[in-house]
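Across the two complexes that follow, chain A remains constant while its partner is chain B and subsequently chain C.
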Partner chain A sequence: MLTRETTLNIALAAALLAVPLLALAMDEIFIITLATKVAILALAGVGLNIALGIGGLVSLGHAAFFGIGGYAMGILAAHAQNYEPILEAPFLIEGTNQMPIIWLVAIVASALAALVIGALSLRTSGVYFIMITLAFGQMLYYFAISWSAYGGEDGQSIWVRNEFPGLNTLDPIQFFLIAYVILCVVLVFSARLARSPFGLALAAARQSEERVMTVGLTPFHLRLVAFVISGAITGLAGALYADLNRFVSPTMLSWHTSGEIMVFVIIGGVGRLFGPVVGAAVFILLEHILGGFSEYWQIFLGLLLLLMVLFARGGLIGAIAGREVAHD
Partner chain B sequence: MTDMTPVLKVEGISKSFGALKASDNVSLDLRPGEIHALIGPNGAGKSTLIKQISGSLKPDSGRIEVLGRDVTDLDTVARARLGLGRTFQISSLAMEFTVLQNVVLGALGARGRAFSFLRNVMKDKALLEPAQRALERVGLQDEAQRRTADLSHGQRRQLEVAVALTLQPKLFLMDEPMAGLGASGSKALTGFLDELRHEAPILLVEHDMDAVFALADRISVLVYGAVIATGTADEIRANAEVRRAYLGEEDAA
Partner chain C sequence: MSIILILEQVLNGLQFGVMLFLMAAGLTLVFGVMGLINLAHGALYMVGAFAAAAVAGLTGSFLLALVASLAAAAAAGAIVEVAVIRRLYDRDHLDQVLATFALILIFSEGTRWIFGSFPLFLDVPDYLSGPVSLPGGIEYPLYRLTIIAIGLVVAAALFWLIARTRIGIQIRAGEADREMIAALGVDISRLYTLVFALGAALAGLAGALVGAIQSVQVGMGEPVLILAFVVIVIGGIGSIKGALVGAVLVGLTDTLGKVFLPQLFGLFMEPASATSVGASLASMLIYILMALVLLVRPSGLYGGSN
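Showing the complex of A and B:
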């Protein structure tokens, strides 16, 4: 027996695959690009949802990981396209245009950043945690602006999208499928994590820190590991996003980006597996439907967000599938 | 006679909040197989004392030993790992979890390895079996799938005890486990604790005087942060100072 939410999730995953395939049949390439954007932004949200949804960690600094992933792509690809090694001495490090290597670097770099930022920020909680993660994000943002080697404020462009063995990544549907498969793999991982011993302990730490300590587990350790996993996933999304646009700029690191990723999660449903997918899809849809009428379309986004927070605590997923049922 | 070294030894701990002496040179111990009750009027410093023993509050001076080991500088997590099983006066359960999930969390804590990311924790027999056994022992087996927030206050107290059981502690620290239980629930729990003391001794903070005098091998009376008497139920009943400071107050009321 599938729960209502699981049925809904399967339908959503199918819809996200069906839309670009239909668009392909109708030769609507732009829609494929939009769907790719949804898949990648959803991935960033799935990352945040592990920290925010399961762990209750309100991070307003996830743009840091998104941007680090973006710059991992930008730096590696820029050096590859210019045939300039990143480092010659003491040992040679060359750029690359191979996506799997770029992804790996993005994951490792953002995980390390999350380890450092998390180790410092997780000593605080509540509003202080929000502020300190925000501060770390903004530090990286201003650093990127002043980093002239990679375009500074103007950002770094890539001429050709990076390569994936056996695929033509310049073909929109093939690049979409890459992003989609990664999203699905991470969603499966995220679903299993939520039900794992670690997920149970992390969710308990969100509800009662004292309870977790009383059974002999350390909330700080649980949260730090969650923050690192969360940051690594958002970093991977950043690398894909930069590759989609063939461009990375400090904007990816700005706190607006952190806010947007959080908005995906809240609109879709905090702690709900497919919450970020729904949230990212609604965001992109509103941007392109309402954005056509008015450049102030975010007023409507704000209204939707307000309605969600006031009336549907489980976001859109919660409004459709009802209150979360405890897993067995 | 088996080894009678105390499982818990509190030696002269003091704790002040400004001018208020919440703990005033408190010494007490807990011996194998006993229930040692801690009583005292409201504001006597029972909660402060419990917090210092469990590790969430650091005493200004004095020392605390668990199984002969100095734990004064250890935190709550380390003391839990050494075998201190605590239940709370104000329930600290994970309210969104099912009853079963709360006890599984206890079993997971007892196993000590929470960094497993892919296996379904609620299908792990090694965790489910002790968890279900603990629920059966407190009589909550029929509530296993209910949301913890939907339990009555009394049932939450029982669940607190069940979680503590999954830890297989060397001693229990129970803060008012009877509160919120009806007469029959209170009687059932009294019978249960009576047996439990042979598994691990219990330091019991309790307002239910019937339960305290029925259960306790020894009673310590705390007044204004200081232990004014320690002894058997009969000794405490006969103690003039206790009568004046505590029992007398109630008689007068």
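Showing the complex of A and C:
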């Protein structure tokens, strides 16, 4: 017997696939690109949701990982397109335009960054944690601006989208499918993680730290592992996002990006598996509907967000599927 | 590099630090008393700067502009507190972050709507412009010296307010136990509005003072807001003294790092790469400082045990 939320999740996954396929039949290329954007931003949100939803870690610095993923793509691809090795001595490292390698580098680089940032920030909690993650994110932002080798403030462009073996990534629908499949794989991973002993212990550490310590687990370690996994997924999303735009710039690292990723998660519903998918879709739709209506659409976005926080708690999935996940 | 250059940069760092203190004081008060993390504090800084630029444009008086910045930011703060912030005190930090992030969007785009995207300019008045000679042969801009003086006066007044006045006693009591002071007959919601408006007014004043050095534009408050967070993390949340020490530390570290790190690297690297490596490292220096403080004291220099 499927629960209401599972049914809703299956419907959402089907809808995210159906919309671009319909758009393909109607020759609406722009809609396919929008759907790709939704899938990628949702992936970034799924990453944050592991730290925020399960672990209760309010990280306002996830743009750091998103941007590191983006720069992993930008740096590797820029060296590949200019035929310049990244490093010649002591051993040769060359750029690449192969997506799987880029993804791997993005995941490893952002996981390492999350390990360092997490190890420092998780020494604190509550409002300190929010401010510190925010500050570390901003540190990387200013570093990217002052780092002139890859465009500094102007960012780094890539002429051609990177390649995936056997597919034509320049075809919008094929690139969408890559992003969609990755999103689905990560969603399955995230669902299994939440139900695994690790996920249960992490959720327990959010609800009652003392009890978790009493059974012999260390909340710090649980949270650090969650933060690293979370950062790695958001980093992967960053690499895909940079590939979608064929461009990476410090904007990906700015704290507005962190805020937006958090907004995706919260619009959909914190701790809900498909929360970020709904959130990213609603955000992109609002951007286009309100953006067409007024240049100052972010005022209305701000008002909507404010109303949601004040009056509609639990996000959209919570409003439709009811309260199934205990979350405080 | 001469002693004079170093002293000048120390004064610059002090001026920056004092300005950060005006921002951080409000943030730390609001957190200490109400337990609220306010991302929209930078928006109040921007409101102050725009109010000052608009009034200076109309009247030509810098003094009126400063008064306007205090009044406008305090009013905006009070309105926001009554309309929105008041509902957030009992919520978790996540809701506070999201709601105040929403307020930033509304304030920024609203200001862009009213004033347009182009920066405004606020001129330093004649009686404050030009350099003054300090002992030791340093020529230093009078206006920056005035900012340092204003900042120090505000800091002293704030310490006096918190330590010696009835309002200050209520504020400290509110930090310690809000139910108890409500039970003793203090109108707690009026006190909260007052504290929030006070913090907002200080942010607005900082915005106006800096607006005369830099340009007045949408989004100007956000970099300062994040630096103010760093200040609070270093100083310890809720501590005014911590905010002052943290602000001066951050101001000096940032200013001196930006000037001297490239020169330091220039001693053993070629000039072009020394400049870029030095500048990159300088931009990260205050965050490294923050990380170091956290390693030694996770709740900041003057933070409590919680």
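Everything below uses one rule, namely that the second predicted complex is superposed on the first by the 324 of 328 C-alpha atoms of A that agree within 3 Å, B and C clash if a C-alpha of one lies under 4 Å from a C-alpha of the other, contacts with A are read in each partner's own complex, and residues count from 1 in each chain.
The working rule: a residue touches a chain if its C-beta (ideal position, glycine included) is under 8 Å from a C-beta of that chain, and two chains touch if they have at least 3 such contacts.
The structure displayed is predicted, hence computed values, not measured ones.
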{"item": "Which of chain B and chain C A:Leu222 touches, first, second, both or neither", "value": "first"}
{"item": "Touching partner for A:Glu210 - first (chain B), second (chain C), both, neither", "value": "first"}
{"item": "Touching partner for A:Val270 - first (chain B), second (chain C), both, neither", "value": "second"}
{"item": "Touched partner set for A:Met139, first chain B, second chain C, both or neither", "value": "second"}
{"item": "Larger contact residue set on chain A - chain B or chain C", "value": "C"}
{"item": "Partner chain in contact with A:Leu200 - chain B first, chain C second, else both or neither", "value": "first"}
{"item": "Contact residues common to both interfaces of chain A (with chain B and with chain C)", "value": "328"}
{"item": "Touching residues (chain side chain A, partner chain C) in the complex", "value": "52, 58, 60, 120, 123-124, 126-128, 130-132, 134-136, 138-139, 142-143, 145-149, 255, 259, 262-263, 266, 270, 296-299, 301-303, 305-306, 309-310, 313, 328"}
{"item": "Complex interface listing, chain C residues touching chain A", "value": "31, 37, 84, 87-88, 91-95, 97-99, 101-106, 108-110, 112-113, 222-223, 226, 229-230, 232-233, 237, 276, 279-280, 282-284, 287, 290-291, 294-295, 298-300"}
{"item": "Chain A contact footprint on chain B (complex, rising order)", "value": "54, 56, 75-77, 80-81, 86, 88, 92-98, 101, 104-106, 108-110, 112-122, 124, 127, 145, 147, 163, 166-167"}
{"item": "Touching residues on chain A, where the partner in the complex is chain B", "value": "189, 192-193, 195-201, 203-204, 207-208, 210-218, 222, 225, 326-328"}
